[in-house]
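Reviewing the structure listed below.
Chain lettering (A, B, C and D) follows the sequence in which the chains are written, and residue indices restart at 1 in each chain.
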Amino acid sequence: MSGAAVIVQSEDFDPGREAEALVAGRRDVGAIATFVGLVRDANEGSGVAAMTLEHYPGMTEAALEEIVADAHKRWPLQGVRVIHRFGRLEAGARIVFVAVASAHRGAAFAACEFIMDFLKTRAPFWKKEETGEGSRWVDAREADDEAAARWHPS
Amino acid sequence: MSGAAVIVQSEDFDPGREAEALVAGRRDVGAIATFVGLVRDANEGSGVAAMTLEHYPGMTEAALEEIVADAHKRWPLQGVRVIHRFGRLEAGARIVFVAVASAHRGAAFAACEFIMDFLKTRAPFWKKEETGEGSRWVDAREADDEAAARWHPS
Amino acid sequence: MQVKILYFASLREALGCAGETVELPPGVGDVGGLRKFLQARGEAWQAPLGRGNLRFAVNQRMAGLEAPIGAGDEVAFFPPVTGG
Amino acid sequence: MQVKILYFASLREALGCAGETVELPPGVGDVGGLRKFLQARGEAWQAPLGRGNLRFAVNQRMAGLEAPIGAGDEVAFFPPVTGG
């Protein structure tokens, strides 16, 4: 694993190896919570063959790093890894990976979900889906704003 | 992956491969939340070189399967995998694995944490730690009971 | 009637016994009654089985002291679980 | 003063433009003022930049309409994000 907590890339990644790297050579970690987001073959009633993820290079990395820093302020974490892909991804492909290591499971779960909730509302990515009826930009979901709003300011 | 959602074994497991198997050949999964619990090299102020996990064969599997069935009743899940080891495990070793696949991340995160919370309070495992001062049985933590109590009856 | 009894973890060690099959006297019909009967067998059983935080299972399901037991049942006594 | 402007996703497509460098007239000192200035350039800019749910970033940080902008800043306009 490179030392960076955050990576934005077009290539796929290996979730098992990434989680492993987070605790390599350590024996003080008690819990690893991970999340993988995938391209679903259907969304809002249409079949989805693939999607293209556009992003804002530079701001993307900064936004993700700020979210990770916020998580470190809220919970005692031993390691965090965030990988987000961009470009064209087919149904079934991995989009995003978040892994959090901590001494205890409560912190690991909470921080992992916190990072995903803010990534969904703060990181500058936009999805365009390829459906049977053509291409369409995915609308932001109110549920994602609500999920992020659950986390009161620390 | 074998078809069983629950496995109790002394051998180690491969978290990445297990999560992968959960979604093999599928394109309708949008989210995989996983948890790995590890043997920490310190607990309550003492160094821990290793621990031995005793369990209640038969009841262990039944208890875990019931927890998984409860999770399926609460959330729309597309797949669940629980692996728990027993026997002697050294510091840094994996103890437990939970993976949950769902169309949406909220259900995957919630079900994964729910399964861990009830596994901690309902599955018949007992840990005995090897410390510098000899062996000792790990006491149940009140925090674990509180974590399980958060999940109101569905 | 006969029941199979199992002891786990620190309780198993305190009793020096992982399990046994016992013949219950008439009148012992639930987990609480079984515990009292086992404790009454002597000093070595009295204190370990009297612990306040013991947990119980009947036929491999968690159960309370009031859970009924019958011939052929498997009853387990153990401390609070600490897996995961 | 000059600022660099970026447009993303559906907004980029609606404008047919990924970015530009513009010379701001005196009096345009915040994101809201910049938006009005850009919209006033014609029909093609009026509606897309007038969308109610647009988001803004100044120098790669999320910002509101009241955020000040100065020479050399990078200002981005985009729809609500949908990654993850």
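Keep this in mind: a residue touches a chain if its C-beta (ideal position, glycine included) is under 8 Å from a C-beta of that chain, and two chains touch if they have at least 3 such contacts.
Because the structure is a prediction, the values reported are computed rather than measured.
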Query raised in the report: Which chain's centre, taken as the mean of its Cα atoms, is farthest from the centre of chain A?
Result: C
Report task. Report, in whole Å, the distance between the mean C-alpha point of chain A and the mean C-alpha point of chain C. Result -> 48
Query raised in the report: Measuring from the mean C-alpha position of chain A to the mean C-alpha position of chain B, what distance in angstrom results?
Result: 23
Query - Computed distance of Cα centres, chain D from chain C, in Å - result: 73
Query raised in the report: chain D: which residues touch two or more other chains?
Result: 84
Query raised in the report: Using the touch rule from the top of the page, what residues of chain B touch 2 or more other chains?
Result: 37, 105, 116
**Report entry** In contact (per the touch rule at the top): chain pairs
**Finding:** A-B, A-D, B-C
Requested in this report: Please give the residue numbers of chain B that touch chain C in the complex, ascending.
Outcome: 37, 53-56, 58-59, 62-63, 84, 95-96, 116, 119-128, 137-141
Query raised in the report: Which of the residues in chain B come into contact with chain A in the complex?
Result: 14-17, 19-20, 23, 26-42, 91-92, 103, 105-106, 108-109, 112-113, 116, 143, 147
Query raised in the report: Can you name the residues of chain D that touch chain A in the complex?
Result: 6, 8-10, 53, 57, 60-62, 76, 78-84
